[in-house]
Structures are given as structure tokens and as C-alpha cells.
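Here come two complexes built around subunit A, the first alongside subunit B, the second alongside subunit C.
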Partner chain A sequence: MDNNILVGLAGVLAAAAPVVFAAIGETFTERAGIINLSVNGTILLSAMAGFATSLVTNNLILGFLVGAIIGALVALLVAFSSITLKQSQVAVGFVLTLMTRDLAYFLGNSFMGQAGPRIPPLNIPLLQDIPILGTLFFKQDIIVYTSFILIVVSQWWIFSTRQGLLLQGIGERPAAAFVRGANVNKLRYLYTMLGGALVGLAGPMFSLSVKAGWKGTISGLDGIGWIALAITIFGGWNPVRVALGAYLFALLQWLGLVLQPSLPNIPSQVLQVAPFPLMILTLLLVNIGNAEWVERWLAGMPAPLRRVVAKVLRAMRTSPPASLGVPFENE
Partner chain B sequence: MKVELQQIDKHFGSVHANDHITMTIPAGTIQGILGENGAGKSTLMKILSGFIQADSGVIKLDGKKVVIHTPDQAIHHGIGMLHQDPLDFPPMRVVDNLVVGSPGGLVPNKKEAIAALKKLQERFGFQIDPDAYVETLTVGERQQLEILRLLWLGARVLILDEPTTGISASQRLKLFDTLRKLAADGMTVIFVSHKLEEVEVLCHRIAVFQRGRMVGEAKPPYVTTKLVEMMFGKAITLDERAPCATCDPVLKVEHLEVEDTRLHICDINLEVCRGEVIGLAGMEGSGQRMFLRTLAGLTRPVGGKVIVHDKTLTGKTYASFRKAGVTYVPASRLEEGLISGLSLTEHFILAREQKGFIINRDAAVKETEENIDQFFIRGKPETHVEALSGGNQQRALLALQRQDVDVLLIEHPTRGLDIESSIWIWSKLKARCQLGATIVFISSDLEELLHYSDRILVFFGGKVSEPLDAGTTTVDQLGQLIGGLGMKS
Partner chain C sequence: MPKTSSRWLGLLFQVGAVLLALLFTSIILLLVGAKPFQAYERIIYGAFSDMGHISDVLVVWVPLVLVSAGLLITYSTGLWNIGIEGQIALGAIFTVWAMRLLQDSSIPPVLIILVGFLAGMLGGALWAALAGALRVFGGVNEIFGGLGLNFVSTALTIWLIFGPWKRPGVGSMSGTVPFDTSLWLPMVGGSRLSLWSLGLGILGIVVVYFILQGTYFGLRLKAVGKNPRAAFLMGIPTSSYMMLAFILCGVFAGLAGAVQVTGVYHRLIPSISSGYGFLGMLVAMLVNYQAIGAPFVAFLFAALNIGSIQLPIDLKLDSTLSGVLQGALVLFVLLMDGVRRRVLHKK
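Here is the complex of A and B:
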């Protein structure tokens, strides 16, 4: 394979790493039954704050720590207002996402355009020499490796551990989890904050590696959080599928850049924006089996074809945790 | 284990749900708790199982006073409750359901859980596949799973809240056998129900509840009329069946073929007369619901014809069916039938045709009041529907149906209702038949099917029986057909 393409694809894996973190963080939160809509603003604020912290202290780890803390604190606000005060999660999330975004632009003014620290690449000895795979997976930096680990660990946690099953339970049917001994609201607090911290880590991943630096409104980060939310749904609240969604998005963005020189007739804006409608289209295709008109349309098809199509649609279809966004009371 | 409840008291706002209830249940007994909807049975059981807490009162197990704050603590003391709607996780596998909330390390030992499940299943003759998804099980199987789970966790007192709602006749027999076995092993079983005949057959003793109080206790032999009097404070009788008139076909089904992900039923033929009542019987999920929804145009059949009043409506939408005089009354009252958060008046505004652009509130309130009187709905025009009890919701739902419909399709018309409400609902439905309406309904209650239908269709394993004459069929025959015996292949 052409080395340029390989390097490009490796870049796709790297560019997707923060989105993987944000979308898996949101997956944990939503699995617990809480919607945290503040993702977009959280990423911006933690990107700015993480960059500023590392710039001032010259310490990368501190930058990430600050990012995670900001994410967890914003999530704590969402959790407190929705679980304890029983307010609308959607309204609170929206307000927080706008507030944190503007806060990021306002507070980040003095750090704009400064050159700061950046995560160095970390080639893994021996493994990096494997043809193709070495370039793709083992000539990355630490955050990409961490994103791989996160995918595996979160998949294992949700589907193979006792705690993970309980997590599924509190988002699916909190009353049933409650009779099985779960402290539903405490767990919801915990997972909302854990999810928020993972979202918060996505910020410094951008500002200290993928899109190093802080450039205010032209940082190109605004909107990523909404994509992460969409990817959570597209991935059916399943970490591996969520990660695939993140990679698909990064791949589309990369293709937009690569194809631009060979397609001079298409305005550059089209290719830049194309990944967004394409993501929506994918979402639509994945969940089209839910629609009533599709069922009606299917009933009119000849039998063998009907069965095949129904099977494919069913395999792709995902359904959200049944109690997503519903507060829990045991009376 | 001996269970003693002393002076249990519980208020919900202004409602006195449990008024100083005292009762003692010895080990090895099946204790029946009888009462109409809202009599306070479920509240008391939720208190005993730690789901909610009493305002005051004492619980003693084997003579020792215990404090139960959560369901977790209840199960530690050996008290397990099977809720009316099994509290499990439909999208999860059976084995995962079993493991959630069980004590142990980070990674659960599924093999051990499956082995334990198999052993328990053998003891009671259950057959649940540990790898199946819970949503593919019938309500009866989900109950069995919950019972096994509670036993696995070490329950010695088993509480069942209206467990026979929504399960088939054969599953009910199996459930009763299981409960008898458990009682024989020294377990205490508390069986909450509003169905007299079940409590009489199963229980060693009965406590009757009315309006938050325990109004009496009984031991066998039971006298039904006395129990009814205790429950309602008055005697109630069933009315007689009216003979069927000559046939004037309203609804015709020809070679109908329906299909969903699990089931395929072909060649259903049926002709329903004016004023006739057709009952659809079968275990939950045998296709009767899909058939009924097809008759309403909510599901499109994959073959055959649906004809209403000589008009072929196959493949048309519910709107066209409605125009032709068909109406569909779903089983889940609050999810599909009524709109939570809207008042009774607002429901009538939506259901009735309005003149002009702006709502005439006064007229709507007046009409609502008339309907409240006529249908004995315990509520006010401004009451929100979710605040009504089940029986009153069903009455409201019935009141909302247009008066000019010819074909009423009803799912479980009396599910979860007490005898008095059921009799009342059916008297209204029968009155509609007298006026020429046709009714097709689904029920899992054999007595209801036999008593109110003219003919019955039995669904089993992807097949449909010929229409049976309800007048000459017995409960046993119907039960066997539902269980698949004697069905033509």
C-alpha cells in the first residue's frame, strides 16, 4: 500500500481519538439514563483550560487533569439538576453547552495563538516494524494508545462485569435495578461524572495533540461535541460501534481534504461540510428499520427478499436505554 | 418463615393506603390477599418487601423484629417479591438478568449461574433458555425467571402481586403447582389477587382488604358470596348471555396472512356478523394481537384480504379503517389509549369533532360531566387521566369511543380490573352490541372469553382454530386448545 495513504489513515486514527473519548464518555452517561448535552461546550472549555494549564506549568499531565476535572464538574451540574432537582436534562444541557463555549472563548483570549507544549509521538519498539500495521497502529502518541485501551476496557466493563450489567440496568429499568439492591441515583451521579471526565479529556487531546494550540473561535473544535453525541446514538450505546462511528467521521473528514485537489470543480466548502450530512444519513440508514412506513413497505415485498431485508434492518437497529432522560423515584 | 405485621400504617398524600394493618402468616402457608383495585394490597406488600417504607408499624420474622429499608435488605432477610409487571431487563439475556444484583466479584461467574438456573428449573419443570433475550419470553416465563432468581438469592418468603394477569391458563396451572411445592417445603407464600376463583383454589387462608383496611379473614371451605360481600360490601351477580340473531356480515377476512419477526400465520378466514362478539384466545404472543392490529389497519398483512362493509381495505391505513367504522382500543391504557398529562375534558375535546377553530370549553366540560355520570368515572372533568385508577381509566377510554362505530377491536378489555368494574365494562359493551356494533377482543381470561363471546378463535404456534361456539365449549376444552392440544395441524 502507498505509504502516503497509510500515514493518512494513521492520521485518521489519531484524529478520531478525542471523539472516541467524548462519545464513549457520553455512552457511559446515557447508559446510566442521563443525557448530558453539554459535550460540545465542555470540550471547548477543557481544550482551552488544558492548553492554558500546560502552557503555564509546562506540565502536560496537569493539562489533562484540569480537562477531566472540568468535564466532571459540568457533568455534576447536569446530574444535580436532573437527578436531585428533577429538572429537564435537555434544557440544562443546552444552557451549559452554550455557557461553557462562551466561557472558553472569553477566558481563552489571552492564550490565543501562543505556541505551547505538545504531546510527543511514541513509537513502540518492535511492533512499529510490522508492515502496514506498524505504521497504522504503533507509530502514534500516547493518547491514541489510550483510546484503543479505552474502547476495549469500556466494552468489557459494560457487557462483562457485574457493575456493567447493573449500569445497563439503571438506564434500562431503574425500578428493577433498585429491587436488586442498586442505589440508582448514586450510580447515576457516578457514571454521569465519569462520562463527563472522559468528555473533558477530549479537550486537551485536541489542544495538546490533534489540533495543538488554542485559536479561539477558529480552533475548529466547535461542533465536534454534537458529532460525538450523534455518534453515541449511531453506535447504539455500544463502545466498539461508537468507536467505529468516530473513525468513520474522521475518515470522511480526511477524504474531504485529500479529494479536494483532484476535484477542483467542487467548492471546497462542500467537501468540508460533507461529513456532517453523511453522518446524519448513516444514522438514518442504521435506524430506518424503526419506521412504520418501512414496515408497511416491507409487507408488500415478495417473501424471500422481505425476510432478508428484515433481518439486515433488525441487525443494524439499535434502541436507546429505555429510561434515558427519565428521573427515578421508587414510589 | 413466620411473618408478622403489626399496626402497619401508610399514607400517600391524603390517601390512607394502609390503615393500621395487623396480620400473622405462619410458615408453610399460602396466604391469599383479596381486594378490589386500590384496596391497599400492593402497598402493604411493597412495604414488606422494602420497596417503600411504612409511616409506622412493626415487621417481625420468626418472632424477631426487623427493619427493612430497601429491597436489598428484604432479600437478605429472605423476603422476595414478584411484582405485577416482572421487574426485569427486557433487552438483556436471561443469564445476565439473573446475575444483575447478585453478590460476588467484578466479573460474574455465568457458568455457575446457568448451572444453578438449570438445577432450579429441573425442580419445578420450567424450560427457559439461559441465552435467550428476556424480551422474547412470555410474561409467564418472565415470572418463572423472577421466582427462580428470588429462590436463588435465598428467599424464604415469596410475595406475588397479581401474578396471573397476562399469563396463559397452562402457565397459571404451572405457577400454582410451583407455589404449592414451595409451601410444602416450608416457605411462606403471599398471593395477592382480585380474582376470587384463583384465591379460593390456591390459598390456605385468605385476608380480605377494602379501602386500606383488612376487613376479614377466611379459611376453607370458602363461601364465595361471603368473600364478595367482604370485598365490595355488597353482593354482585353475572348477567345472562343473550342469544345470537341472524347473521348480517360486517367484517370479513379472506385467506389473511400475517407475519412478524417471530411468527407467520397464514390462511385466516372469518366472517363476523352484526352484533356478534368474537373472542381471540391464545398464549401471549401467539399472534392474536397481530391479527387484531391487522383488522384495524395498524399492521399491513403480507397476503389476503380484509373487508369491512363490502369494502376491501387491505393495506389501507388506520385512518381509512376508522372512516369505515372500525375503532381500536389498545391494552396499554396510558401508553396508547389515553394521553398522560391531559385532563378528562381535554380528552373529550380531542375525541369529539369540534365546530370552529377555538375550543368551546364550557360545552366540553358539560359533555365530560355527562359522560362521567353515565360511565361512573370516579373523577372530575379537570382530573388528569394518569391520576385515575385502572378501572376508571378503562371506563374513560370506553366513554371516549365514538358512538357510531360498527366494529370495536379491543385488547384485554378488563385486564387488571376487579369483578365489579369488569361486569360494568361488559354491560356497556353488550349494550353496544344490542345497537348493532360488532366486537372482536383479546383476552387471557378463559371465563371472560367463554362468558362474553359468541365465537372464539384460538391461536397456537402459528395456527388459528376454526371458530368455536362459546356456548358449547368448556373451560377445560378451551384451556387445552390454548395449550396446543387438539389443534388441527
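Here is the complex of A and C:
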């Protein structure tokens, strides 16, 4: 394979790492039955704050810590207002996403355009010399390796541990989980904050590595959080599938940049949004199996054809946790 | 508890929420080493110091109140029309499209502007219908369908500005070629405010108030919003009503886009919606989805937007402070409402 393409694909894996974190974080939150809509603003605020912290203290770890704390605190607000105060999760999350974005631009004004620290690459000895795979996977930096680990660990946690089973339970049938002794609302608080912290880590991942620095409104980060939310749905609340969604998105953005020179009539801004219509289309495909008219339409088909179409639709279909967005009250 | 005292308690909590929002914003200002009262004074100065500034506030108020009016319809139907930003943009695009087609003809300018407005309404309605169809027939949550369509509309706008509609020579971010002044809405002496668009804004919110308060149609929309299943069992065709709510909201968003083109920018620019769609969502939330308060809150938010432009000029602060204050207001009102309910519930 051409080395340029390999390096480009390695870049895709790196560019997707923060999106993987944000979308898997939201997966945990939504698995617990809470929608945290504040992702887009949270990423911007934690990106700015993480960059500013690392710039002032010259300490990268502190930058990530601040990012995670901001994410967890914003998530705490969502959890508190929805679980304890019984307000609409969507409303509070939407307000927070706008407010934290403006906070990022306001507070980050004086750090704009400054040169700051960034994460050094970390080549893994021996493994980096493997042809093709070495360049793709083992000449990255620490956050990319961490994103690989996160995918594996969260998949294992949700589907192979007792705790994960409990997590699925409080998102699907909280009343049943409660009867079996689970403290539903406490767990929802915990997972919302855990998810928020993961989303908060995505910010410094951008500002200290993938898109190093803070450039205010032209940082190119506005919108990524919304993508992460869409990818969570696309991935059917399944970490491995969510990660694949993040890689697909990063790949499409990279292709947009690569194809730019051969399509001079199309402004670069248009190619950069190319993934969005595709995202709508995929959301349509994964959801359409749930629509009522599709069932009626299927029922009118000849049996062999119906079986094939139904199978395809079922393979693509994803359904949200049954109690997503529904408050739980233990009476 | 007697009703009056609970109403007073509600007011008390709302005042508390406003004070908390101001306190929060003041802390943010102190964080960047600014003097809060000086900043607030500059914002008030920037919004109300003379007729020029006040008319600028009204220029922002018109599209904002139109968008809020439309959103009240979708909110009443239980729908989160986040695609509103794209619907404004498509309204503007259709307006520009119609006016470009007609501008060199012998049709009187008044008619061209009128056709532009009609095209704008159509554009907003079509884009909203797309989000609605995705939701109603495709099962795609309107939040995500709408968001995706917002990005698509941005791309479409930029493509038009740099491609088919580019200025002679090289296309630029400053937008398409401005229309001839005969195609501008007439403005009040020296200001950027048009009495026509002001009237349209007032008419828009009044119409929505009557639809939601005084008609059987509005009642049915609200029934769908409160409990779609029950509404369906009662014989209301919920799918059609949801589609209608989207389309009506799109019409208002398209009107806002048409006002931005004919009354404010006189051309297509990349950020033609000016973020008024999302701001309108905050307005609707702050008035608890009731039309009666919307024009006043929209005015307050418009004043904050215009007033905060004074911050970078006088204090070297970023003007996004207005967004922080607007967000804090809505957030603390929501939080205090939750606290009030908890307190009343305990008693």
C-alpha cells in the first residue's frame, strides 16, 4: 500500500480517538437511561480549559484532568436537574450545550492562537516495525492507544460483567432492577458523570493533540459533539459499533480533504460536511425498521422477498434502551 | 395552600433564578478580571443609548420573535425542532433565488419582494417537512435529523455563495452580490429597521397566540404534544398533525430568513440565520412555551445580543458574554422551577 495512504489512514484513527471517547461516554450515559445533550458544548469548554490549564501549568496531565472534571460537572447538572428536580433532560442538556460553548469562547478569548504544549508521539518498539499494521496502529500517541483500550474495556464492562448487566437493567427496566435491590437513581448519577467525564476528555484530546491549540470559533470543533451524539445512535449503544461509526466519520472527513484537489469546483467547506447527509441516511436506515408503515409494507410482500428484506432491516435496526429519557420514581 | 400565595412563591423563585444567573455571569466576568457592573452598564448602553441602537435591537427582535413563534407550535406538539437553523437558511436561500430570477424583469419591485417572501416561506416549510418526514415516517429522532439538515443547509449556503451565485471574479465569505436598493424593504430614516418587518413580527406572534389559545386546531396540537397515544385513540391523526406543526414552524422560520435577506443583509451570507434559531429555542423555554411572554423575552435577548457588541469595543471582552447570560437565565429558571416543585411537593 502507498505509504501516504497508510499515514493518512493512521491519521484517521488518531482523528477519531476523541470522537470515540465522546460517543462511548454518551453510550454509558444513555445505557443508564439519561440523555446528555450537552456534548457539543462540553467538548468545546473542556478543549479550551484543558489547553489553557496545560499552557499555564505546562502539565499535560492536569489539562486532561480539568477536561474530565468539567465534563463530569456538566453531566452532574444534567443528572441533578433531571433525576432530582424532574426537569426535561433534553431542555437542560440543550441549554448547557449552548451555554458551555459561549463560555468556552468568552473565557478562552485571551488564550486564542497561542502556541501551547502538545502530546508527543509514542512509537511502540518492535510492533511499529510490522509492515502496514505498524504504521497504522503503533506509531500513534498515548490518546490513540487509550481509545483502543477504552473500546475493549467498555464492551467488556457492558456485556460481560455483573455491573454491566445492572447498567443495562436500569436503562431498560429500572423498576425490575429496583426490585432486585439496585439503587437506580444513584447508578444513573454515577454513569451520567462517568459518561460526562469521558466526553470531557475528548476536549483536551483535540486541543492538546488532534487539533492542537485553541483558536476560538475557528477551532473547527463546533459540531463534533452533535456528530458524537448521532454516532451513539448509529452504533446502537454498543461500544464496538459506536467506535466503527467514529472511524467511518473520520474516514469520510479525510476523504473529503484528499479528494478536494480533484474536485476544484466544490468548496472545501462542502466536502467537510459530506458526512452529515450520510449520517442522516444511516440514521434513517437503522431506524426505518422501527416504523409502522414499513411493517405494513412488509406484510404486503410475497413471502420469500419479505423474509430477505425483513432480515436486512433487522440486521441494521437499532433500538434505544427502553427507558431512555424516562425518569424513574421508586414508589 | 391558597392559589395567590403559590403564585407569589413562583414569582419569588423566578426572581431568585434571575439573580442567580446574574451572580453566575458576574463570577465569570471576575474570572477574566473584568468589573461586572461596568460590563452590564456597557451592555445596557450598547442596547438603549440612542435610537440607532434601539432600532438595531428591533432589527434582531423581528426574526427572533418570528422563529420563537414558530417554535411554540412545534413545542406544543411535543417536538424538538432543532432543525430550525437550517429552516431559516433555506428560507433565505429560496428568497434570494426567487429575487435573483425576477430582478432583471419588468415586474414592479414590490411584487418581487412579495414573491421573495412567499418563496422564503416555501423554502422553510420544505426543509421543515423533510425533518418532519424523517421523524414521522422514518423513525429518525427530529433532534438528529434536524441537526444533520442544519449542517447540510450550511453546506448548501456556502456552495451557492462560492459556486453558482458567486460574485463576479472570486466568490467570498462576504456573500452574494447585494440586490438593487429598489428591492430593499423601506427603512425608517437612517436606521436599518423596516416597519414592514416589524409589523410582520408582531403579526406573527399574535397569530400563533390565537392558534394555540383560541382554536380547536391548536387544542388538538397540544393534545398530540401531551400524549400522542391518547390523542391518536381519540381520533386525532397524530402523524398529520406532527407534519403540520413542522411545516407551520418552517413557514415562520422561512419568514425570518426572508426578513434577513430583504430587510437586513440584502444578499445571501454564510451565517444568514445568525444563530437566531437556537436562540429562539431558548426564548421558548424561558417563557415556558407560552406565547404571551415570547415577545418580551425575545426583546430582552435581542437587547443582550446588540448590547454585548459594546464589550469588545470598550472593554476588550468577547461579545459571547450575551450567550452566557442568556443560557444562565434559562438554566437557572429551569433549575429553580424544579426546586419550587420539590418544595411545594414536600409541603
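Basically, the second predicted complex is superposed on the first by the 329 of 331 C-alpha atoms of A that agree within 3 Å, B and C clash if a C-alpha of one lies under 4 Å from a C-alpha of the other, contacts with A are read in each partner's own complex, and residues count from 1 in each chain.
Assume a contact is a pair of C-beta atoms (placed from the backbone, for glycine too) under 8 Å apart; a residue touches a chain by one contact, two chains touch by 3 or more.
Not measured: the values here are computed from a predicted model.
When the shared chain is aligned, subunit C comes close enough to touch A:N109, but subunit B does not. Of the two partner chains placed by the overlay, only subunit B lies in contact with A:A176; subunit C stays clear of it. Note on subunit A: of its two partners subunit C and subunit B, the one contacting more of its residues is C.
After overlaying the two complexes on the shared chain, residue contacts for A:L165 are found with subunit B alone; subunit C is out of touch.
Applying the stated contact rule after C-alpha superposition, one finds that A:W254 touches neither subunit B nor subunit C. Touch criterion met: A:A310 reaches subunit B, while subunit C stays clear of it.
Of the two partner chains placed by the overlay, neither subunit B nor subunit C lies in contact with A:F148. Looking at the shared chain after the overlay, A:F328 reaches neither subunit B nor subunit C. In the superposition on chain A, A:F137 contacts neither subunit B nor subunit C. Interface residues of subunit B, counted against subunit A in their complex, comprise 12, 49, 51-52, 70-72, 75, 81, 83, 87-92, 96, 99-102, 104-108, 259, 261, 299-302, 315. The touching residues of subunit A, counted against subunit C in their complex, run 37, 77, 81, 84-88, 90-92, 94-96, 98-99, 101-103, 105-107, 109-110, 223, 226, 229-230, 233, 265-267, 269-270, 273-274, 276-277, 279-280, 283-284, 287-291, 293.
The residues of subunit C lying in touch with subunit A in their complex are 28, 31-32, 80, 82, 134, 137-141, 143-145, 147-149, 151-152, 154-155, 158-159, 162-163, 171, 278, 281-282, 285, 317-318, 320-324, 326-328, 330-331, 334-335, 337-339, 341-342. Residues 160-163, 165-166, 168-169, 172-173, 175-182, 295-296, 299-300, 303, 306, 310, 314, 319, 322, 330-331 of subunit A are the ones that touch subunit B when the two sit in their complex.
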